[in-house]
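Order of writing sets the labels: A, B, C and D. Residues in every chain begin at 1.
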């Protein structure tokens, strides 16, 4: 195969994965929320309602695309793409197994975060262009939130990078192969629990997920930045939200839960089903997010900002310091030198 | 193409005299403080009548500086449907139908107020069984109404689960009320002289089963919402109304009691079976949203207690006094009030001796809760505004009437 | 032209895809979370609750009219509200439907004699399904939604039949 | 429950309303005050030893000769209730009492709008419930819709 064709196929695979993910996750969300809330969720379309999201997407495709008067047409048109494309690009560096990757980037972690931080710009664009005050507030909140939480999110993964000595996501997973004391899986969540907590909080904020869904905040801002979007433009915003939660969950699994590795099973033995293991772990992570979404109230914007600036950033800096000191004192150098 | 900046304005609907920054009227209402015109502008935002958290059709026009509210104005009337005017052509027996639709979440209380007023005009003695039945259904309705408040308050904070758990319990109450009265919401069960039908056979067992389960469910509800630290951070210290403000603006019910003033119509002006019932009136201290939350949760527990007492102590006898089919009370004027889920629901009837009221006025506690909004909103964030409306438990059906 | 048989308005592909879209519309009726009066407690609230759970049939609420397909007018519409109802209807994207829930939205209900009340929301927006009751039970609303699905299906079939006879 | 009528009379005369009757009716103790004097009298009642701190309710009634406004006052410290009535002509001036009782803010707007009165001294004398151009709906002269009108729809 020509290299160009391979690249195209890989991009198509990423796109397919993302769209399928979006559809499956929305269905999963409705089912999970339904069962959390003593309901059933969709049951009528297809067995157990599995085609419900398909129907929703098809319907959104066939809806009228409304251009409200007063919108900034260029930005209004561009914003869903600016939100959608980065969430597609974020799939590129994920390591589903040693061989299953869209592309093998040496700076995969940095790349993923960099790409994901474009999303709030799209949200801000959407909020500004909609010529709607609720959207404007939603967009502004998204921007404020991103500035406040991008830093702790990055800082929270730094200790792991320090231990591993590589930004490649595959290397991070391989560094977690093995056992401590013969029975504990060598996952970074154990020594790096504070980093994981910081990552989980900052990641939820980055995703605009409950309890930090400030920019959509249904009970406050109607639908936030998405208020004026209809049809598939809204569909794109919606899909990218779910695809982002996949990416963050995948990062969490890679960094803290040993990627495709299964404890007490050697990494060679797991190789044939590695992508499946990885997906299962990611979906468990997403399930936890949905669980939180179905239970927790939302924090207030000023509390969110205070949490970010006053607690998370000092805490993550402090934890980097602690990790660095421990590594220096006990001479624990990077285990994988890339 | 309009520049979105054109939407940003510092003069809006508020600039019509009421909020003239030059002369703040008599220190009661805070006027907009005015900001540096060179650097920032105020944004006038219209919340409602279609907004997910205005609980119906309340329209709130808020002037915000960033996200902080500097002035607010309520606009009512999106549900004004003339209950007072229509009552002038309804017979006294039919007033309950209108009262049901006034405060549509706790219909029994409205009916009770109307029936009490007519009875006071007629000077009839209501048999004990009717009085106990009325208290029973009123307390059940109070739980159902507070559950709706609890659920929507949860929704306002962004938590979905609470709403659905509350709906589960509300459905079991509605089943009981449906068995008693025949309807889920518009009961028309309490009539002048008593109630319209006897309690169905075997209902006491059902109510007892519900009461026993509900105690545990109530703990679960409280743990789910009130036990959540995010929720506590959202409501504590938000929307403080001190007792003086609450009294001046005519707040009643749980909103007044949360401010530390323990006025309860059931205790101060006893009616129906309340003199014989044993219940506590929960009172808050600071009057913030958290106190209002706690008072309402405790009220549910007390209501559950009273329901049990009503079932246990239900006397035998007639369920209604002898009242004519077409009631023609003597000329006169009378006011009767009950403690509804939202406060003191009063009915003021002027009779001219005919079979319809000459003038029928309905004191809606939510209307008073609405007007305190304009006073306490400035200084809060938009997110707090939502919490405030939620915690005050405003029911638009009765504000607009 | 032969190619028209595959791409034109009467082609199998076109008609089948249209049927597919109608199927999707039928099973994904997102309603506008918009309660006016008493009926709002029964339809958007109790109906989304655990016992009735409209989510089962894909009926789900959206807060913004731009993303809604169905407007449930749940309650009495008066002169002040009528403007808003019309504005919200205009903001919804096509294809859209309106369900007039309860006696008030259908005819004015118990408040019909008051001069401020609009005699039925059909004076303001076109209504597809009327649900009687004051307020209708959630079961009635569910039946109303099933009727709306039937109506969408019937519209598809009518359109198809017209096209078959036309061509 | 009922305050002492003589005390109420003395307070009223101190406030400048001399021949004001205060009598017991089926409603309770009712005193009558002239329309323009209502704010002063209510303020005097609030500040008096009877301590009527709460305006529970306020309503208008179309008596056929004019509009009668009823103020329902409550004293919490003494647990007493008093009704003050004011007779106003049609289209007359309704003097706002919101300086004394802020709880009258919305009620006065409602009463003025639905009975066609002119609100004087109110900080925000706009319509509350209805849109512009509607008659004062609660007046007896404004009819409800007839059966025929409803049927024709």
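Rule of thumb we're sticking to: a residue touches a chain if its C-beta (ideal position, glycine included) is under 8 Å from a C-beta of that chain, and two chains touch if they have at least 3 such contacts.
Worth saying up front: this structure is predicted, and the values here are computed from it rather than measured.
Counting hops only between chains that touch, chain A reaches chain D in a minimum of 2. Listed by label, the chains that touch chain B and also chain D are C. Relative to chain C, the most remote chain by averaged C-alpha coordinates is D. When the interfaces B-C and C-D are ranked by C-beta pairs in contact, the top one is B-C. In whole angstrom, the spacing between the mean C-alpha positions of chain B and chain C is 31. Centre to centre, using the average C-alpha position, chain A and chain B are separated by 43 Å. Rounded to a whole number, the gap between the C-alpha centres of chain A and chain C is 35 angstrom.
The set of chain B residues that touch two or more partner chains comprises 51-52, 77, 80, 82, 85-86, 89, 164, 168.
For chain D, residues touching at least two other chains, in rising order: 129-130, 137, 144. Looking at chain C, one finds that residues 49-50, 63, 80, 113-116 touch two or more other chains. The complete set of chain-chain contacts reads A-B, A-C, B-C, B-D, C-D.
Listing the residues of chain A that touch chain B in their complex gives 33, 36-39, 69-73, 128-131, 133-134, 136-137, 210-211, 213, 217-222, 293-303.
Chain B makes touch with chain A in their complex at residues 1-4, 7, 43, 45-46, 51-53, 67, 154-161, 164-165, 168, 224-225, 228, 230-231, 233-234, 381-384, 386.
Taken in their complex, chain D has these residues touching chain B: 25-28, 53-57, 59, 61-62, 70, 72, 76, 79, 98-99, 101-103, 105-107, 123-130, 137-138, 144. Chain A meets chain C in the complex at residues 30, 34, 37-45, 49, 51-52, 54-59, 61-66, 68, 218, 222-223, 226-231, 234. Listed in rising order, the residues of chain B touching chain C in the complex are 49-52, 56-57, 77-83, 85-86, 89, 97-98, 101, 104-105, 148, 151, 163-164, 167-168, 170-171, 184-186, 396-397.
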